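Next come two complexes built around chain A: one with chain B, the other with chain C.
Up next, the complex of A and B:
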């Protein structure tokens, strides 16, 4: 039973990891904590729902379209909402993403009402048996996609020229501009990429979960828990934290009480931030005065 | 009293006491809500605007105040005044607890931990049936104070007006005091403030506790206003309203907060019929303020010379 719980937890945790990864990448490059990331995720699930139900598009095409739509949405958000206030205090930037999250939620609620919706399953091949442990088709795809994306972003940010430019744009926007990097354009691209990552998580989740306007807030808190566990801004930490969070929820739900599934992430956030604010793998950050 | 400007506030208070004589019941209810949200906005502004701490626990504070009042009055049959005082005290303590992470964490960590805290409390309201009656809601009995019944919205209006005036006056004076100036100094530059002999940690704790106390009073008023409180009243859309009140009213202006409450409180009543409309309108207003009017309504009001000196530290 324990093995089964851990495997299901990793499947669920992959989603948290993907959402946390998108937020971490955006945070690394722009230093903005995106409170609307959960809503971008929710919005992409509804884009798929719309494409499948209203236009009868094949699943793969709908998924690609959703990624594209979210990339454009992310870029527009950067250009229209974030860039004009990029020199404002951090609180204004965070507040802007909060406002965006409510806007997206309101738009979806207005379009579809508060009802809970669902989609047919996307992957219909048989589950894989590992001894007595059942590995659902959906979990295989989710875990695989997460691993691929994590590996891709690790290479991109840590081992490539692009990663060096990203680091430069974060550390010294002015210096990066002086060597010819278009910093605002760079930020716009990263907003698009982060939103597209939220879309990938949304695509993977949409067929196996219920869709409703507030689903983003639930995932956002879990992604925060993942980032807190792994240490803010740490790519590997965000992924490990997401997987750990998924497993923790399954274990708490089974061994303690199902009501614990809802609050495990809140408790993790509070306990970790109070006892070990740099996360499980983080170093203590020293701030220069 | 030689300076006529000193008469501005007493005159406004007298004017504000008149409406119950000539408005209908519905308008009276809206006016009462405006006073509740004016107190909410004053309390939230202390943390958000004056202390500059991005905290998401305000809806939770509001809930703690309302639930404390409802439990004291409904379950233990206390009169309103002790229930109000307990609500203020309990919420101040909760504010103190929430401030602890603010002492060692950077800005966004505080936001996240307070977000988690608020949702955890809401989960608690739903699941602690034995205390809160869960999702079905906790009734609040009709109250009276000094032998005067508070069963009608008119009677409550004068009580709420007194409380609002008291909170506004108290907060304005506190913010003008050594402590209030320390709060602003810590917001502007923590290291510089510490170098001047201000203890940043104590100052932040004090700001959160004061904010909690004020929002707790608002919660008590809210419980009395509704007569029954539900966990859903303290969810994320309540928080959006609080953010909007403070940001649209003007960060760091108590008068702006009151103005924000006057302008925005009636809106949810008007927008409630279309699902999602309230979220859309408030978020667009917030975005508009962030982009084009960072000082909010207080920025507009400060163009009127008579008001200018009253806007920021009072």
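Up next, the complex of A and C:
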């Protein structure tokens, strides 16, 4: 039973990790906490739903199109909503993302109402049995995609020239501009990348969770908890935090009470912020003045 | 002094005679104004289809000449399933639009929030599809429910589960919110008092959750004969998928919030649906000739709106309103209308699964319901578990 819960928790945690990863990338580069990330995730699922049902597009093509649409949407959001207020306080930037989240939910409700809809599973092969432990195809793919993406972004942001430029644009936008880096364009691209990450999460998760306008809300809270647990801005921390959150929820839900599942993420946020504000893998920033 | 008393007497006489003849608000010689409200937008907009069905019944009545020489004038308001908006909508309908009666509310939290003001106003209020038992318990003289309450649903679900041969081990999964508890708690009381049983597993599954592994494994460990699920549609579909994944292959029954056709589509596996039963509040399934009249009315007045059971559920209440208006006669008053509703006995609406039964001390009118399930690839209405096995 314990093994089943841990395996299920890792599958569940991968979803949180994927969402947290997208938010972390954006936070790391722009220092914006995107409260609309859950809605971008939801929106991508509805884009696929529309393409599959209204235009009869093949699944794979619809998924690729959704990633592209979300990349463009993320870029437009940066250009139209975020850039004009880029010098505003963090609270104003955060509130803009909150407004965007409600806007996206409203748009989907106008188009599809509040009905619960479903996407066909992406993969129809049978679950894998590891002894008595059941591992669903969807879980395997989600876990694999999470590991691949985190490895890819780790290399991109920590080991490449692009990563160094990203760090420069974050730490000193003016300095980065002086050496010829197009900082606004860079931010626009990273908004697009983060939104495309939300699309990947949506593509993997929507067949399991079903589609409805509020589907992003719960996942977003879990992703925040994962980021808090792993350390804000830390890519590996976001993934480790997501996986830990998933396993913690499953174990607490089974061995303590199912009522614990819903509050586990809030308990994690409170405990981590009180005991280790930088998270498990985050570093305390010290500025010498 | 004497003149003063005479004048006072004359004023009193005018008031009394005038008061007896003055029409209640919302009434003219040719019209009855009814305030219809519900969640037309927002997360619970799917439940708002009930209001479209109610309006369609009144539109159809108007097209056939109205009632006692009057036509129904509907004023429609949106609550978005938000208590604050619900209170604002009911106050507007009562004070500004001056409706004769209110007919609306599909979210129990909204109805519970606006109920005190409506009771104080004395305006007759027929609840659309909100099902929380606390809405009409305790009874208020002007508030009536025309769908099965969550308590009735919970008890009926237990009674159905216990028609399974040798059923002894009942498990329960529910949301922990007010809606979930309002079905869960009466079900447990019914299980204890009528069958002397306690559930072998009693777990919660919160709204918006996307994984039910701990719940399913706990229930599976308890080895139940039957699972009662007080869950909303998305969560019930997720539970069914996970139950199948972990080999929990026992019958389960969902609440009246569930559309079995939608669930079948969401689950995407016909084999899972063989073990699924759903409390069904309508007299027949959509497509059956028995309720074709209401299906036709809904689609005629709501072109382009996808019909599901929610759209038909409020229509029984509209039929009850029309019947009470008919019985109250041409000299209509609110008092006569309320008295007519209080005396509505064994009223077959034609669309609901059970007749409506009101009295001055009982305003939850629908006291039963049917069960719907798939037998092969066909949907059938049944009343006993064993009927589905035949």
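The working rule: the second predicted complex is superposed on the first by the 286 of 289 C-alpha atoms of A that agree within 3 Å, B and C clash if a C-alpha of one lies under 4 Å from a C-alpha of the other, contacts with A are read in each partner's own complex, and residues count from 1 in each chain.
Here, a residue touches a chain if its C-beta (ideal position, glycine included) is under 8 Å from a C-beta of that chain, and two chains touch if they have at least 3 such contacts.
These numbers were taken from a predicted model, which means no experiment stands behind them.
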First, second, both or neither for A:81, with chain B first and chain C second: first
Partner chain in contact with A:217 - chain B first, chain C second, else both or neither: both
Which of chain B and chain C A:34 touches, first, second, both or neither: neither
Chain B versus chain C as contact partner of A:8, first or second or both or neither: second
Contacts of A:232 with chain B and chain C, given as first, second, both or neither: first
Chain B versus chain C as contact partner of A:109, first or second or both or neither: both
Partner chain(s) touched by A:259 [first = chain B, second = chain C, both, neither]: both
Which superposed partner A:91 touches (first chain B, second chain C, both, neither): first
Which of chain B and chain C A:100 touches, first, second, both or neither: first
Those residues of chain A which chain B touches in one complex and chain C touches in the other: 109, 113-114, 213-214, 217, 259, 262
Residues of chain B defined as touching chain A within the complex: 48, 52, 54, 100-101, 104-105, 107-109, 111-113, 115-117, 119-120, 123, 127, 191, 236-237, 240, 243, 247, 274-284, 286-287, 290-291, 294
Chain C contact footprint on chain A (complex, rising order): 1, 4-5, 8-9, 12, 15, 109, 113-118, 120-121, 127, 134, 136, 205, 208-210, 212-215, 217-219, 249-250, 253-254, 257-259, 261-262
Residues of chain A touching chain B in the complex: 33, 35, 81, 84-85, 88-92, 94-96, 98-103, 105-111, 113-114, 213-214, 217, 221, 224-225, 228, 232, 259, 262-263, 265-267, 269-270, 273-274, 277, 289
Touching residues on chain C, where the partner in the complex is chain A: 41-46, 176, 203-206, 208-211, 213-215, 217-218, 221, 233-234, 237-238, 241, 245-246, 262, 265-266, 268, 306
